[in-house]
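Heads up, the next two complexes both have chain A, just with different partners, chain B and then chain C.
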Partner chain A sequence: MTAVRNPTDWKSEAMRKRIAGRYAAERRFKFAGLFAVVLSASFLAFLLVTMMGNGLRGFTRTEIALKVDFPASPLLLDPKAITDEALANANLPMVTGTVAKTVLGEKADDLLSPTAWISIRDAIKADPMILSRTATISVPASTGLDLAAKSKGSPEMEAEVARLKQQGILSTGFNMGFLTASDGTDPTQVGIWGAFKGSLLTMLVTLILSFPVGVATALYLEEYAAKNWWTDIIEVSINNLAAVPSIIFGLLGLSIFLNLAHLPRSAALVGGMTLALMTMPVIVIAGRNAIKSVPPSIRDAALGIGASPVQVVFQHVLPLALPGILTGTIIGMARALGETAPLLMIGMRAFIATPPGGITDPATVLPVQIFLWSDEVSKGFVEKTSAAIIVLLAFLLAMNGLAIYLRNKFETRW
Partner chain B sequence: MTEEQIKLAIENPKMSARDVKVFYGEKQAIKGVSIDVGMDHVTAFIGPSGCGKSTFLRTLNRMNDTVASARVEGEITLDGENIYAPSMDVVQLRARVGMVFQKPNPFPKSIYENIAYGPRIHGLAAGKADMDVIVEKSLRRAGLWDEVKDRLHDSGTALSGGQQQRLCIGRAIAVEPEVILMDEPCSALDPIATAKIEELIHELRGRYAIVIVTHNMQQAARVSQRTAFFHLGDLVEYGVTSDIFTNPRQERTKDYITGRYG
Partner chain C sequence: MTGPAILLLLAGLGAIAWVSARARALRLQTVARATGRRDAVHSLPGYHGWYVALWTLIPAAIFLIIWVNVAPGLVTQSVLADPAAQSLPLDGFSRSAILGEARAIASGNQAGAFNPLSQGLVEPYRAALDKYGIAGAVLALVLAFAGGAFAFTRIRPDFRARTRVERLVMASLLIASLIAIITTVGIVASLLWESFRFFSMVNPIDFLFGTKWSPQSAAMGYGNDDAFGAVPLFWGTIFIGAIIAMIVAIPLGLMSAIYLTQYASPTVRKWMKPTLEMLAGVPTVVYGYFAALTIAPALRDFAVAIGIHGASSESALAAGLVMGVMIIPFVSSMADDSIAAVPQSMRDGSLAMGATTSETIRKVLIPAALPGVVGGVLLAVSRAIGETMIVVMAAGLAANLTANPFASVTTVTTQIVQLLTGDQEFDSAKTLAAFALGLVLFIVTLLLNIVALRVVKKYREAYE
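The block that comes next holds the complex of A and B.
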C-alpha cells in the first residue's frame, strides 16, 4: 500500500542548484536594497549641497566702507536737532548719491545699494556729532557688486570689485539684516524675519485650533461613540479629509473665513485657521491609532478597581497615547508649515515689508516668501531664495527634533 | 440544579445570583445560573474552555457593561442589594468587588503608584503618611512587601510575572473590597509563582469572599472549599469541593473530572 520513496538525496545536483539559487536571490535583494539607500542618500546630499552652496551666500552681504566728509557734504542738518522728521526732510538718498560719486567715481550709483542711505541715517541717529567730521560708514553694496564680490558677477563689476578691494574698502560679512528684516524690493535689503514670524504665528494658531479639537475628536470616536453607520460615515469623512489636496482647503478658507466671516485678509489668523482644517484630520487619525494601541488590559485594570470612564481616559489612556498623538501632531504641523497653495488662496501672497505684530496683521509665511522670491527677476534673489529655504528647513528640523524629544520624554517604558 | 443544592452550599451569602442569563448579541453565553457565594469560602468555577466561566464572573462586578453587545438578565445581589438596580453606582461596586485578571496587568507606573491609585481615586487616604500605610499594608497582604520594599518607585512592569500578579492582587486589596474575583490568575505563571499565589489565596480567605476561575482542577481542589462546574453556559453542579471531586452527582461533572473531555 505504501508507495516506495527513495530517501532524499541532500547532496544531489538539483539540491546544490537550489542552494546556489537561494544565495544568489539573497545577494540580489541585498544589492537592490543598498542601491535604493545610496540613491536616496545621494538625492538628499545633492539637495543639501546645492542649497548650502547657494543659500549660505544668501546669509552674507558685501559692504563698502564709505568715507563721508559731512562738513563738505550738501547735508543741512543741525547736530543738536536730530529728529526723525529732520532726517526725513534732509533728502538723504540724494546726499548719499552725491557723496558716493565724489568718493567712488561716476559709477557710484551702480555700486551702492539703493538702500545705502539708511545706513547713513542710522549712523547719524546713533551719533549726531559725526556731522561735524569725516566718518567712515559701512553701507551695503549693490546686488551686482555683491554678486561679483562673491565671484560670479558681470565683467565690469568684477573690475570694480578688484578696484575697491585694492582701496581696501570692500568687505563681505555675515548679513544680520537677513535675519532681522522683512521683505523688500531690493535683494540687498530683504530679510526673512517677517516671514519667519508669520510662520510662527500661523503655526501657533494652527496648533491651538487643531490639537485640542483633533484630540477630543479622536478620544470621542474611540472611547464614547457607539459603533454605528453614523460614526462610520464620520470616520470615512475624516480619512478622506486627510487626503484632500491642500488647495481645496484654501478655497474653503477663502469662501468661509474671508467672504462669509469677513476676517482680515492675508492674516496669520486666517492662515492658521485654514491650515488647522488641514491638520486636524491628521491629528485625529494619528490620535485614534495611538488610542487604539493602548492595551485593553490597562482599561480593564483601571475599571476593575473602580475608576470612572473619564478617569480611565484621562489618567490611563491619554497618557499612554500621548507620544503617538504628539508625533502625529508634529507630522501634521510640519506639513502645514510647508504649505503654500492654500495660503495663496487666502491672500498671503501680498508684498509685506513689516513683520506682523499680531495674528490679525497682514503677514506672509516662509514657503510663500520662498515662492515670491523665486519669482523675482533680480539675480540677487536667487541666493536669498536658497537662504530662505535653509531657514525653512532649519525650522522643520527643529520641529522634528522637538517631536523626538517629546516622544522620548512621554514614552512609557513597559 | 435544585434550590436545596444552592442553599446547601452557603448559609449567609455575600453575593447571590438568581436565574442569570447573559447574551452576546443573539448568542446566549449563560443560560440561567443561580448560585450563592459565601464570605468564608474560596469558590472555584471550573469547566471546559468557552463554557462561560469568565462571562459569569464578569457579571458579578458588571465588567460586562464594557462589552457593547453584552446583555444581562436575572438578579445578582451584593449583601442583598441588586447590583443591576439603577441606584447602584458601578464605580463603587467595582471597588467593593475587585478583580484580578488572567494576564497580570499592572499600570506602567511605579509599584507604589500601582497600589496607591485605587485608594486615591476613592479618597481612602487622608494624606501622604496614610497612603504609605495603605501601600505597605496592601503589599504585605499580597505577600510582596519583602520583595519590593526597597524599590517601591521602580516600575511595576519591571517585576516578574508572578510578582506582577501579586501586585495586581495588592492593588485590588488596597481599596478594601469585600469580594475578589480572579479569572485564571495563574494561567500565565510558572509553577513556583502559581504556588505563591495559591498560598496567598489561602491567607486572604475569610477576610474577603474569593471567587476564582480556573481550568486547572488540581488548583481548584487545592485552593477552594466550594466548586461550581459550568458546562455550555449552564451551572451543572455546585457543592463542597471535596464532594465534587470525590463524589460528583452529575454524569457530566464526573466525565469532566475524570478527564473525559475538556
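The block that comes next holds the complex of A and C.
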C-alpha cells in the first residue's frame, strides 16, 4: 500500500511564514553571536578605559609654586658649606611649614605634601646660592588638594584650589617620584620603583631556574624518553602541574621553602623559586610542541652523516625549535609577572619602603603592590593603584607583543 | 675566603682545564693525522676539553654543596669548645639567640651586640669562621685539581670522551625531568602532612560537613569543635566560580566561538580572536581591583534601588561576573577547537539538506561537539574555583550560607589567604586549616581536570 502525499506547496501562506520564521531565527542567532563578541570585547574596553581614566592622573601631581624668602626664613645654613649632614640638621620640614604658613596662610599644613621639604632640599643642593635670595620652588601639594585640583575633592579643598589658581601658583607636573620612589604611607610620595625592582629580581630567578629545567625536560620527553610507565608519570605530573591553582604553589612554597628549608621570608629568591615551579610546565608544554614540529628528516639527515643522538638534538633540533620555545617562555613569564596569590602566601605583602638590594632582601612585586594599595583607605591611592596597573599592563603587552613578533618572524612551516 | 671568590676561582680553573685539555687533544689529533691514521682519535678535541673541565668542576661543586650544609655545625661546635662559651645559659632558646648574634657580628651583618655574652663570643666565632672557610676553600681547590689531573691523564687518542660527556648530558636531562615529579610529590606531601596535623585537632567530618566557619573564635580559645565547618566556604566557591561565573562565561564564550568560527570574515576573526584572548592575559589582581572599585559599588546601588535587603558592597555577583569575563576566552577556545574537530562532511550534509547555518550549528555541530564543550566548561570551572585574587578583593570574608547574589559570601581561596597572612603560629588549627582547604581545592581541581581530559579524549577518538 503506498500513500500518495501531496507535493509540498512552497508558495502557500503557511510555508512562506515558516521559511520567514526560519530566516528570522537565523538572523537572531547570528546577531546573538555578534552580540557576544561585542559584549566580551567591550568588557575589555571598559576595563582598560576605567584604568586609564583613573590611572593617568596618577602619573601627574599638583604643584604649588612656593615663594621662599630664604634670608628672612628661620633657616640656618651656610651657602658655602652645604653637605648632606648640614641639610639633615637644618630641620627643613619645620622651616618649610613656617615658610608655607607665611605665604599660603594658616591652613598651609593641609595644602602641602608631607614631603614638600624634599623639593626645597633638592633646590638648595642644586644651587646653594639661592639661600641668599628669594626663590620660587615648585613643591608637591597634599593629597586632598591634589584630588581637588584633578577631579573632585572636599568643598574646602575645592575652595583652596580656586584661591590658589587665582594667585596663579598652582600647576600640574609629571610625577617623577612615581617612577623612582617606593612604597610609602602618603599617596603623594609613593612610587613603583621598589616593586618594579622586586618584580625584576623575581623574574630573573624564575627565568634562570625554569628555562633550563623546562627545556631539558621537553628535550628528554620528546627525544629520548622510552614509552613506559615512568615516562607516563612524568607526563601526567607536568600536565597536572599546569592545571594546579596558583595558590597551591604558594602553599608549597610556604611549607617547603620557608618552614622546611628556612629560606628568607618575603625575598625575591623564594618568590622566584615558587613562580619557577609554576612556569616550568608552561615551558615544557610549549617546548614539546616546538620540538615536535621539527621534521624527522632533519634528525635522519644528521644521524646519517654520523652525528650522535646528543649531537643531533643539541646541534640541529634545539636551534630549530628555539623560537617556539622562547615564545612559550615569554608567555609563561608574562603569566608569572602578573601572578599575585602565591606570593602573598610566602609573605611578599610586607610594607617595604626601600627597593631590594639583592634576591635575599625583603621585596614586593608589582601585582602585590597593586593589591596592597587597593586596600588603602586614603582616596589618593585610587589613582596610584590604577597607574601601577597601567605600568603592569604595559609590560605584559610588551612581552606578549614580543612573543607574537618572535613567532611571526622565526616560525618555519616545514 | 668568600663564596663568590671561590666560585669564580673554580670557574677559572674549569676554563683553564677546558682549554688545556682541548689543546692536548688537538696535538694528539695532529700527530695521528701526520702518521696517516685519520680515524685514530675517537672524540673531537672539544669533547676532551669538556670531559676534563667537568671532572674539575663537578667533584668540587658537590663537595661545596655538602660543605655549606656541614660547616655551620662545625663552626658552632668549635665555638662551644672555647672557654668563653662556658658561661652560656643552658636552655636552648637564649643560647641559640646569643650564638646567632655573635655569628651576625662576626660575619659583619650586625654592628654591635645587645647581649654582653655574645660580645665575648665574637672573636672565637670569627676565628672559627675563618678557619673553616679557608679549610673548605682549600679542600675544594684540591678536589678540583685532583679531578682535573686524573681526567687529564686519561686523554689518549682512543679515549671515548664524547661518550662520557654525552652520558652526563643524558643524566642531567633525566634529572631535570624528575623535577616535575618532585614538585608534584612536594605539593601532595606538604598538603597531606599539614592537613594531617589539622585533622588531629579537628574532626574531618566536622570540617567537611559543618556549617559554621569562624576560625577567629577558635584562635581566641573557644575550642575547635564547631569553628571549622567549611560548608559555607564550599558553597561560596561553587556559587561564585561554578554558577555565577559560568552563567556569564558559557553563553558569551560559546556564542563568541560560534560567531568567530562560523560567521565572521577572516579579517574579523584575525583581529577579534586575539582581542578576546587578551581577557585571559589580564592579571587577576587587575580584575579584582576592577571588581572592587567599579562593579561592586554599581551592583550595590542597583540592588538598593530595586529594594533588595542585605545588599553588600562585597557581593558574590560582582566577583562572579568579573570572573566570568575572565573565563570567556577559556570556554571560547575550547569550544572553537571542538567545533573545528567536527568533520566537514557532517556540516555539508546538513546544509545540503536545506538547513540554515544556525540550524546546522544548533542541531548538528553543537551536539557533535558537545563532549569537547563540556570538557572545556569543566576545565573552566576548575580554573574558576582555584582563582584567588578576584574573590579576595571583591567577594568579602563573611562565611554566609546564602543564595542571594547581592550578599557577601566567602570562598576557599579567600580563606586560605586570610588564614595565612595574619600573624602566624605554625601549630594552631587556624593556620593549619588553610592547608586542609588547599588539599580539598587540589583534589577537586585535579578530579575536574582528569574528568575533563577524559571526556575530550574519548570524543576525539570517535571521529579520528
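Criterion: the second predicted complex is superposed on the first by the 376 of 414 C-alpha atoms of A that agree within 3 Å, B and C clash if a C-alpha of one lies under 4 Å from a C-alpha of the other, contacts with A are read in each partner's own complex, and residues count from 1 in each chain.
Here is the rule we go by: contacts are C-beta pairs under 8 Å (C-beta built on N, C-alpha and C of every residue); 3 or more make two chains touch, one makes a residue touch a chain.
All figures in this text were calculated on a predicted structure; none of them were measured in a lab.
Student: Should the pairing of chain B and chain C on chain A count as a clash or a fit in the superposition?
Tutor: They fit: once the shared chain is superposed, the two partners occupy separate space.
Student: Pick one for A:D122: touches chain B only (first), chain C only (second), both, or neither.
Tutor: neither
Student: Of chain B and chain C, which one touches more residues of chain A?
Tutor: C
Student: Which of the two partners, first being chain B and second being chain C, lies in contact with A:S308: first, second, both, or neither?
Tutor: After superposition on chain A, A:S308 lies in contact with both partners, chain B and chain C.
Student: For A:D109, is the partner it touches chain B (first), chain C (second), both, or none of the two (neither)?
Tutor: Neither partner.
Student: A:D69 contacts which: chain B (first), chain C (second), both, neither?
Tutor: neither
Student: According to the stated criteria, A:L320 is in contact with first (chain B), second (chain C), both, or neither; which is it?
Tutor: In the superposed model, A:L320 contacts chain B only, not chain C.
Student: Once both structures sit on top of one another, what is the angle chain B-chain A-chain C taken between CA centres, to the nearest 10 degrees?
Tutor: Superposed on A, the angle at chain A reads 60 degrees.
Student: Go through the superposed model and pick first if A:G338 touches only chain B, second if only chain C, both, or neither.
Tutor: The answer is second: A:G338 touches chain C but not chain B.
Student: What's the minimum Cα gap, in whole angstrom, linking chain B and chain C in the superposed view?
Tutor: 9
Student: Touching chain B and also chain C: which chain A residues?
Tutor: Correct list for chain A: 308.
Student: Which positions of chain A touch chain B when the two form their complex?
Tutor: Interface residues on the chain A side: 226-227, 295, 297-308, 311, 315-316, 320, 412-414.
Student: Please output the residues of chain A touching chain C within their complex, sorted ascending.
Tutor: Checking each residue of chain A against chain C gives 22-23, 25-26, 28-30, 32-37, 39-41, 43-44, 47, 50-51, 54, 212-213, 216-217, 219-221, 224-225, 233-234, 237-241, 243-249, 251-252, 254-256, 259, 277, 280-281, 284, 308-310, 314, 334-335, 337-341, 344-345, 349, 367-368, 370-371, 374, 382, 385-386, 389, 392-393, 396, 400.
Student: Of all residues in chain C, which touch chain A in the complex?
Tutor: 162, 166, 169-170, 172-174, 176-181, 183-184, 186-187, 190-191, 193-194, 251-256, 258-260, 262-264, 272, 275-276, 278-279, 281-290, 292-294, 325, 328, 356-359, 361-362, 379, 382-383, 385-389, 392-393, 413, 416-417, 420-421, 426, 434-435, 438, 441-442, 445-446, 449, 453
Student: Show me the residue ranges of chain B that touch chain A in the complex, using the header's touch definition.
Tutor: Touch list, chain B to chain A: 61, 63, 66, 68, 91-95, 98-101, 103, 105-108, 117-118, 121-122, 155, 157, 168, 171-172, 174-175.
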